[in-house]
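Chain nomenclature is as follows: A, B, C, D and E, assigned in order of appearance, with residue numbering initiated at 1 for each chain independently.
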Amino acid sequence: MIPIDDSPLCRDGKVLILAFDHGLEHGPVDFTGLPESADPERTFEAATHPAVTSIAVQKGIAEAYYPSYEDDVDLLMKLNGTSNLWMGEPDSAVNCSVDYAAEVGASSIGFTVYGGSNHEIEMVEEFRDAQEAAREYGLPTVMWSYPRGQGLKNDTSEDTIAYASRLALELGADVAKVKYPGSKEGMEHAVRMAGPTKVVMSGGSKTTDREFLQSVKAVMDAGGKGLAVGRNVWQREDPTALLDALEAVIFEGASVDAALE
Amino acid sequence: MIPIDDSPLCRDGKVLILAFDHGLEHGPVDFTGLPESADPERTFEAATHPAVTSIAVQKGIAEAYYPSYEDDVDLLMKLNGTSNLWMGEPDSAVNCSVDYAAEVGASSIGFTVYGGSNHEIEMVEEFRDAQEAAREYGLPTVMWSYPRGQGLKNDTSEDTIAYASRLALELGADVAKVKYPGSKEGMEHAVRMAGPTKVVMSGGSKTTDREFLQSVKAVMDAGGKGLAVGRNVWQREDPTALLDALEAVIFEGASVDAALE
Amino acid sequence: MIPIDDSPLCRDGKVLILAFDHGLEHGPVDFTGLPESADPERTFEAATHPAVTSIAVQKGIAEAYYPSYEDDVDLLMKLNGTSNLWMGEPDSAVNCSVDYAAEVGASSIGFTVYGGSNHEIEMVEEFRDAQEAAREYGLPTVMWSYPRGQGLKNDTSEDTIAYASRLALELGADVAKVKYPGSKEGMEHAVRMAGPTKVVMSGGSKTTDREFLQSVKAVMDAGGKGLAVGRNVWQREDPTALLDALEAVIFEGASVDAALE
Amino acid sequence: MIPIDDSPLCRDGKVLILAFDHGLEHGPVDFTGLPESADPERTFEAATHPAVTSIAVQKGIAEAYYPSYEDDVDLLMKLNGTSNLWMGEPDSAVNCSVDYAAEVGASSIGFTVYGGSNHEIEMVEEFRDAQEAAREYGLPTVMWSYPRGQGLKNDTSEDTIAYASRLALELGADVAKVKYPGSKEGMEHAVRMAGPTKVVMSGGSKTTDREFLQSVKAVMDAGGKGLAVGRNVWQREDPTALLDALEAVIFEGASVDAALE
Amino acid sequence: MIPIDDSPLCRDGKVLILAFDHGLEHGPVDFTGLPESADPERTFEAATHPAVTSIAVQKGIAEAYYPSYEDDVDLLMKLNGTSNLWMGEPDSAVNCSVDYAAEVGASSIGFTVYGGSNHEIEMVEEFRDAQEAAREYGLPTVMWSYPRGQGLKNDTSEDTIAYASRLALELGADVAKVKYPGSKEGMEHAVRMAGPTKVVMSGGSKTTDREFLQSVKAVMDAGGKGLAVGRNVWQREDPTALLDALEAVIFEGASVDAALE
């Protein structure tokens, strides 16, 4: 962890990452309900919303779309990922180097670590290389910290999420992206474990506006520093409305009711 | 994806790759029906046809034959490949470096990725190295995107082909070479998933002229940008006739009937 | 082994490492009994005690907290570690490079080797790289020498601990951190096997003050050079009291009774 | 494939490699019938015969004996090999780098690839490194192309040998060393598949002079470019007589009868 | 093999290596009978005997003790080794680089290769790197050539030992350290197979003076060039007496009876 409040990834010390790596991780099936959501441009447009501090995409999407948005969007390059065709123990291919991410214009990097997978050792060593290279470029590092694999039964238990956020601190991530442990108390525990590493909630699958904002509010009340959201934004017909509400909750401290008005 | 319309791989934004790596991938059995087809020179001659934007061969063939054709043919160096003697999970040896491909004179590179194979992680990381090295030389990258392996039952379903073309976009390929999903609608889906990455159809095994041209026409009508063809050209006694027809369909927008005249 | 008495890791040739890598190795469960113990700052504060020669933490904790303590605490960077979510044969990810440890300000490094694990070969080769790189920076090397794995039944037998300390000598560690073999005689054997490599006891889980100090005294009487202690310090409500006692026993040769007064 | 007719490996475009790597590949058992054949000097002496274009040995033999023969013998450094104590899937350790081969004075290199082995991918990638490094030194590359492994039932069938020689062409070997497929027709097929890559027969175990020369003659008549011979030369009491006959058949186009006179 | 007679490893072309790597390979159990034998200084003292051409130790022992003996003892750095806690197929961790061995002051290097192990390929490739790096420093290379593993039933048969010494020659070792094959004839066979590579006997477990000297004498009579001895020297109360006798047998051609007087 190093101080990142002055980096483009943060606004008032908080973070709202708009993630759009689902075409790789989940495949086209995620775009079925709203076919136009397959188009990265639509999500880049959404990322121009002032609530969004950075857009998180894979290398190919970054190369193709970021140049048109470099004045209006900050780029978090997600450095690893795997298709859901993969049938092995949880693992993630490093598909972009830090050097190349910097060249494309990224102002931060993202990296998945599956603690507890049979590939944990290898992934942590790849994370080391990425994190140390990112330090040389002065780029903040966000860890997608998702315990998963043969030893994990329930990967959103409070204990698992607390461990996930601690791993991010111990291994040198500046931001820990973890799943919501189901309660404000669970998130408080995770936040305490992370020390100065900022904890942000992973948005997960699409829910109702209210339900989603309530979990975000709980995260903020628990001391979390924001959100990495994907489907709950770009699977909506009107991403802007929810981004307005998220801006209110995350950056302005609004209540869910107020944000929904 | 980066803009490649001005590269030698493209003509009017479209692509016709004449592939001749079958001696490695399939072995001499592919030449049985037409013994002279084993001779790479015959296919290099065919590649001088104006319809062909590049010839795709492995390193050894490139070294031996390209120097005599460098004024008349553009070289796509296929960087990986495997013999069909291989009995393991789908995988592909990187048998040529990008540095060497550039030295031999390649103006683009090709790389196979078997999404869903137990070797997906490794292949994607090898692809990363190749793609980033190719970027340094300014060489477009074509991904042979073929989901295959333990998790894949039907590798030409619409969903699989759409995922294949999305993987190409997400991982930074400039052209996605995918199998024909069986219909124009299936190809439209694949094309939408690829965004600005050009989707070209993989020619597959030899069929009749009409049948082949109909699938090519469907690809072009679906928004595909061309074709990578091998056996359907060089297994024919007269490659030129079919190349004339392909030129009409791909670059001149002709109907299949018109092209067959 | 090289002479390290003049290094910050030593005081009068003896060593007291305050270890705080449990958040990675054991997870938040270690902090349950005393929630404030999760906060690294609390242990950094404890490390300002004159009894402590160095604090041992992982990269992320070092980055976040060491800068505020660099005038009052010496940093031992622990270079590898694993979560207890890991279900494979004992192994440890190298999560920090020596170059980076030096840049963060470490004055010594720590490295776990699990002799007898199926990963022994790999870990010893990683240790080689770390030890030789540390030599270039002039940083002493502490081996967490813990025989463990398929071949090991009882990992605190005298023979196993003696082998553990000999491995540290043979492989070039300056300090061997080994478990207590249960008796002064066992520790004498381990000390003899280590030659000039300093043997320090690994503190283990929390016990009573008297019991703990008695084992430390036995280690010193056996020729050991000190202690690496974690939970027995920071899981106590008042770490200072025990550190005062440890200072008396380790650096002033006091009896346990005298130290407890 | 690059032009190598002007290299020391060739005489009038043809090749006669005297191979003496059996001490590694087969072990001392190959020397049992003729104990003095164990002495590399005896085979180096034989290699001074004008019929021999290069001697193929492993690094250690080259280091020890080549310096005394550098004016009279050309050195082909065989870069990989395995003892027959190895019980795994066919594989071959790369026991000499190209840099070192060049330093010792090699004028060409040799490399085994077992197509169809579970190690095919790895061996082909090692071959790539060797071939590309050899290109930098301007050293011709000879592939010992031996399909072998779990998928291979009969490794001297015509189809297998034809595939073996094609692999050599596709992967960039200048010379393909393949087993004799049992007939002139089979060898013609292999030669056609290799294009400009020179196909030479692998000598195999010792037979009668006539039988051996007949197969060599068949190879030359089939368009083969020569022979890599070991045991059929150095297991003979008088290597010179057979080398005289081989010179006649390979370089002078003599009939077997004429060569045997 | 390169000429090494003028190197510190040799005296009149012969070699007597005093090996003391047992603390790593066997563990403290080897010191049980004579506790003071655990102290490396005692063996370094023994190594000042004029019969000893070099002492063979692992990195850590070399770092700690060699500086005090550098004027009186020559250092052979053993570069790899494994604890006997290891339960896998025979393998050996490379625990010291050649660069570091040279920096510590080694005048030769030692490296174990287990021919026939499932790790043979990997070990031979590691040997290649070590041997070629040693060549750059001009350091002679000694191969501990011990066929061992799944395919090996009797690893001291004449055939196995002959193969072991041949492997050393073929792979570029300057000295082959092999086990005694049980007879002078067996050793003669091994010596013939090694060509100019010097064959030295591996001392093995402790026996009587006479029995040990008789095998050494047989080795010398068989054309062997010396001995690598460990336990038969340092497990003796008076190492000097046996070293005197070994000097007589190895360097002065004395009979066993004369040497024992």
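Heads up, the rule we're going with is that a residue touches a chain if its C-beta (ideal position, glycine included) is under 8 Å from a C-beta of that chain, and two chains touch if they have at least 3 such contacts.
The shown structure was predicted, so the numbers you read here are calculated from the model rather than taken from an experiment.
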Whole-Å gap separating subunit B and subunit E, where each centre is the average of the chain's CA atoms: 57
Between subunit B and subunit A, distance of the C-alpha-averaged centres to the nearest whole Å: 35
Contacts with two or more other chains, residues of subunit A listed in rising order: none
Touch-based graph of the chains, sorted into line, ring, star, complete or other: ring
Ring walk, subunit A to subunit B and onward: A, B, D, E, C
Residues on subunit D engaged by subunit B in the complex (per definition of touch): 1-2, 115-116, 118, 120-122, 124-125, 127-128, 132, 135, 147, 149-152, 159, 162-163, 166-173, 189, 192-193, 195-197
Subunit C contact footprint on subunit E (complex, rising order): 21, 23-24, 27-29, 31, 35, 38-40, 58-61, 63-65, 81-83, 85-88, 91-97, 99-100
